[in-house]
Amino acid sequence: MGNTQVLFSQRIRKFVKNNGSVVIFLILALLASLFVKNFFALNNFLTIIKQAAIPVIACLGITLVLMTGGIDLSLGYTLGLCSITVGLFVKTVGLPIWLSIVLTLLVGLLVGLINGTLVQVVKVPAFIVTLGSGYIIFGIAQIVSSGSDVNRLPASFRAIGVTNILGLNTTVLISLVICLIMYYLLHHSTFGRALAAFGFNAKAARMSGIRSEALNILVYMICSFLVAIAAILLTIRVNCAQPTMGGGVYTFEVITGAIIGGASLFGGIGTVIGSVFGVLIIKVLENCINLLNVSYYTYQAFQGIVILLAIIFENVKNRKL
Amino acid sequence: MKGLKISKKSLLIIASVVALFFILGSLVPGFLSMRNLMNIIRQSSIIAITACAMTLVIIIKGIDLSVTGVLSFCAMVNGLLLLKGWPILLAMLVGLAVGTAMGLFNGLMVEKLGIPAFITTLVVGNVGGGLALLLNAGKSIGAFPAAYVFMGNGTILGMPVSNYIMFFFVIVTSLLMSKTRLGTYIYAMGGNETVVKQQGISTAAINYFVYGFSGFCIAMAGILLSGQLDTVHPTQGEPYQLDAIAACVIGGVSMLGGEGKVYLALVGALIIGVQRNVLNLLGIHPFYQNIFVGIIIIVIVAINIHQKRRTIEISKIF
Amino acid sequence: MQKTILQMDNITKYIFDEHGQALRGTTVKILEDVHFDVKEAEVHVLVGENGAGKSTLMKIIGGIIPADGGQMFLDGQEVTFSGPRESLANGIGFIHQELNLCLNLDVAQNIFLGRESQKGIFLNKTEMYEKAKEMLLRLGFDINPHTLVRELSTAQQQIVEIVKVLSYECRVIIMDEPTASLTKSEIDKLFAIIHDLRKNGISIIYISHRFDELTEIGDRITVLRDGRYIGSVDIAEFDYDKIISMMVGRKLTAMFKSTHLVQDKVILEVKGLAIARNTPPIDLTVRSGEVVGLSGLVGAGRTELAKSIFGSRPYYGGQILYKGEEIGHLHPHRLIEKGVIYLSEDRKLEGLVLEMSLKDNVTLASLKRMYPKTKINFAREAEVASESVAKLNIVANSIEQLCNTLSGGNQQKVVLAKWLLTTPQLLILDEPTRGIDVNAKSEIYRIIDELAKQGVAILMISSELPEIIGMSDRIYVMKRGAIAAELTAKEDFVQEKILSYTL
Amino acid sequence: MKKIIVILLTLVVSFGLFAAGKAESQGPEIAFSLKTITNDAFQKAIADSVEAAAKKAGAKFTLVTAGQQTAVSTQVSQVEDLIAKGVAGIVLSPMDSKAVIPVLKKAKEANIPVVLVDQTIEDGNEDLYISYIGTDNFNAGVVAGETLAEVLGGQGNVLIVRGANGSSAGDQRVDGFKAGIAGSAIRVVGEQPGDWANDKAMQVTENMLQANSDIQGLFTASDVMLNGILTALDNAGKNSVKILSVDGSDDVKEMIKDGEVYGSMAQFPDVMGTKAIELLMDSINGKDMSGVPKYIDSGTTCITAASL
């Protein structure tokens, strides 16, 4: 009896240790429900979920990259590029929707391929590659958009993202599906295992027959691919395709989400649940800021401090280990 | 032998800059006008000062991505104090102190927690950016004392005051790197950290100094910029992150650490300045400029690293 | 009778981590009750097999790692060095095998690093460079002190190290295999230097494997074996065979049981392989069910050879045939599929993913084979892991235990388990028993024999002669990147003989 | 090292090509500097009108844009470069009401006439420019406020989606709007910056709707944020909310037709462009500009379904 209790408390401790972000989220939500007017409402929760759905997709992408010990600072700009691309294809060029989407996803893959190759083959540090490529991508996006955004997109296209199925719109559902797929990949497939091994000790992983070179490039491609999906959904969400979407702020927000979610900057560690709740935490904070009608800038500074604490905490935790 | 080699390297860079000037002079209307050249060097002064510190950071195998935020924030602090009627020097000192503190914090994270430089600086930069907006609700402030504006915009004997300050920084830093112990240690640390430790030199101290100094220079650049604009805009640091790194990379500072000359970083800053200036004169959109700079950075770093890897492999041979 | 400068008594050191601290709960001693002393103005040569503890002892003198027991006296005063700087301050200079220089700095900067002469706040360069120049000249080397060390030859770099050490007015200089990478003429120069150093009353501790050198410069020889002090001999009564026998006095324990039989099917055949541009071609074969020992000194090129075969290192000409098929330059994952595996000598860097659990490590190399559809079957995985744990009696609280919390022996078994799970047909084992206790060793021997019995071909690299002799059906001896000898007849398997080939 | 030099030289050459491509010149050169023409139909409209007018006046036209909304220092250095280049006249849409003052002083020293459009600078610097042509943003706000008050019958709750903080035009519009609804029973229940960006605008709208679901009206400082706002309202099922905006872009006209938006304060970019060039040409041709009023209202009208 007491024995089982011990086990139970151990299990709880283990859970808290592995899913810190979930706990933080619950606490945060509780506090908000108590002290923030209008926070505790089904509708508000739905809103938060809708707002989180898209960043979550991108966040899962960056989580993979962080697990290799790399980083993708071009993420936000890739989002902008893919947004304007899909907009142009669907409305201006008038390609069939499926084709436009496929092409946009290909753009994403291409960006990832280039980043990944430079990192893995040419061995340029990831932050340099992606810092540079970020500016390049941003420029290209602006140029292809030739100055004007594409808005009021065809309903048939928007339907992909805004159709409601039992209270949740398809965007959220798509995001859910992606989470499940990523969960499988990361926690139930050899890919995830190989990725972790590579992140912890690339040399040993290679010597153990993991195709580290291919893996590393693939990860960057998956990341940009997910970002492309996020871009399409975001474009649908705001019913407007523009190259300025995303940007550095978005990159930072997504990375913050992953790190609050417990992804390690040194590679190897990262979980789907963690990253999902990491993003949810951010969105709850933003939501409260707006509900309280506080200046957005307070939050911007605040966000940085949150991530700092997250990093320090994670680091100290590992020290103990 | 060594001396000769370096001078050859810098000669080549400088030669190509000269070439650049003449080709451009012949092709771009108004490029060689005195006023325009003055513009270029004044505009480059901001880049040069940040690049100065960035050089040191990269030499010890680090990087500083906090430029945008810290630059804006320190300028904002300094500006608000000025408007409160603080004496210029005092306000500047506070601004510089803030920058140095943020730099030191980076050093601390790198040294004590072993957090990758690019992450801690990225984050600190973001905090800075946020605070810069927060301090004055995203609004810009301006109308500073004349003396202050003079520092940014005035000229003495035909040369902008900003450039006297820039040259002061470049010279001091160059002296530091080439003529003092600390400089030697900074290079040594970029070359072989274990040796430095074995000689009983505190690598921690070096980290603190380098990142602190970086923060200091960035703050100085921010203050200077607000002098040039007679305004502090909460996001005025925007363009300088990329430019600072680009200046170093073009100036031949090795991303693998241990190599780089401050004065070459200055040359790099000038090249960037010229590039932006020319494309402005031609009315070419800044996007092309950024694409350009982005490509240059990646390519040069790639080549640099590729060469290094070859030499390392050769030396590895049995 | 010269007076003794440095004396060490009953020095003991347990196997240690990168900080020089003894590993938790280890019983493996690298040094045990070692006695060592250095007289004024003598060249004291230290010899012993790989892993005899020479370098460790020197590291203790050099203050790089602390001793776990025993005392050290300098001029009769008991001393303990907290760090290299302190031992240097006490007049003990250490010239490492892998040179400690900043390649991106110039000669003078390296020599004076940490104590540059200053004029005001600035460096006094003129003085520094002049000093450096004359120091170099005093040793008869005309190297421009402005030259970047990167641009110097290894020999010249070594000279810079020596000058650096001398500039500290050292009375004792430790040289760890200084001639390893020098040409004949360079060696002569070095010896000349050593001679007049001694004339100036400086003592030198000289580690070397080249006996021809010993007689040329040594005054006294001390032999270490298995971390124990065996004895010291004056160069006067130097006798090759005597020294050899002192070095290899290790008795062959009964832990080796050879139950396997060599079949004649050739599994691995290396033809004319050059592991570097300047090394002669290597020929080598391993048959099914055969254990082939690869002996030689550290740095003789054994690991390089292994890695060249395993496709994680470039090689220069020659062929590598596995079952008659060329496998040169294949990526490890292809080789593992084919049944070729390489157990690295460095288990922490290349063997294990320390941050992952025992279970994950065991299955790491077999993921593709176990889960062709990429879906991990956790139940099966646990099963497999537990089986391996049982089969190799790995001691761990659970298969979920992280590997960085396992003892060295168990870590090694985990690596072995990982490789066995891939059902290999060619095993390349690089120092399979390094730094693990006796029981673990004997078990690993048992497993190797077991495998050979199943017809697996095994190439075993080892620095421990008894191990080589006890396990091998055939022995190759490597020396300076080439095969120095191949011993086929069991009666040739004698430690002295093998050792003499390696030296 | 050599390779780096090669790159630098290619750099040189590429400039050369850029330059060669651009090397043509006739008539006085007039330049227009503004923040950006991307995703901002209104800014683009101004740019187009300036260009058209300049071409008509036989002048050579150069457009310089700073790119990011935030890159104030870029605009300043761009104008400095224009002065150095010795353009005949500058049309300027300041990104910051203070930051451009020093550079305008330089323009004055160099006797380069400047006309401000769309956005003005701090008061007390009227000597630095010929005239400021732009919408009376405050007034536009007032009209919008009054219209909304009228539509809502003088009562109800409204939200405000501001522009980016620090943009004078945006602030004036909002202040005007508040003045416009003053006296009526209309309450402003939420107010957040949309930073001139759809996604940002959408998010703040959503969240404000959470805070107060009972909303009858909404005012936004610019059409460029309408897409996001509309989507947010749509998702919340609040299609009946009366929206008023500023700019009167072509997109918004569509929206008004479809009844998604009640009205928008149309500005007249064409007026700005033509008038600005007219003034510049005059001063270039040596006319005395002292008589010209320092502020010329380019006018506003409230576009509604009725007026279309």
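The chains carry the letters A, B, C and D, assigned in the order they are written, with residues numbered from 1 in each.
Operating definition for what follows: a contact is a pair of C-beta atoms (placed from the backbone, for glycine too) under 8 Å apart; a residue touches a chain by one contact, two chains touch by 3 or more.
Everything numeric here is computed off the predicted structure, so don't read it as measured data.
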{"item": "Per Cα centroids, the chain farthest from subunit C", "value": "D"}
{"item": "Distance between chain centroids, defined by C-alpha means - subunit A, subunit D (Å)", "value": "34"}
{"item": "Rounded Å distance between subunit A and subunit C, as computed from the means of their C-alpha atoms", "value": "46"}
{"item": "Per-residue overlap in subunit A, given as positions that touch at least 2 other chains", "value": "142, 297"}
{"item": "Residues of subunit B whose C-beta touches two or more other chains", "value": "133, 137-138, 285, 287, 290"}
{"item": "Two or more partner chains touched - positions in subunit D", "value": "67, 165, 193"}
{"item": "Contact graph of the chains (line, ring, star, complete, other)", "value": "other"}
{"item": "Interchain contacts (touch definition) - all pairs", "value": "A-B, A-C, A-D, B-C, B-D"}
{"item": "Contact set on subunit B toward subunit D in their complex", "value": "9, 12-13, 16-17, 19-20, 23-24, 27-30, 33, 35-36, 38-39, 43, 46, 133, 137-143, 149, 152-153, 225, 228-231, 233-236, 238-239, 250, 252, 271, 275-287, 290, 292, 296, 299-300, 303-304, 307"}
{"item": "Touching residues on subunit C, where the partner in the complex is subunit B", "value": "83-85, 100-106, 109, 113-114, 116, 118, 121-123, 125, 144, 146-148, 151, 275-279, 301, 304, 314, 481"}
{"item": "In the complex with subunit D, residue positions of subunit A that touch it", "value": "37-39, 41, 43-44, 47, 50-51, 142, 145, 147-149, 151-152, 162, 169, 234, 237-240, 242-245, 286-287, 290-291, 293, 296-297"}
{"item": "Residue numbers on subunit B that touch subunit A, as the complex places them", "value": "63, 65, 109, 113-116, 118-120, 122-124, 126-131, 133-134, 137-138, 242, 245, 255, 285, 287-288, 290-291, 293-295, 297-298, 301-302, 305-306, 309"}
{"item": "Touching residues (chain side subunit B, partner subunit C) in the complex", "value": "1-3, 175, 179-181, 184-185, 187-188, 190-192, 194-196, 198-201, 258-259, 313, 317-318"}
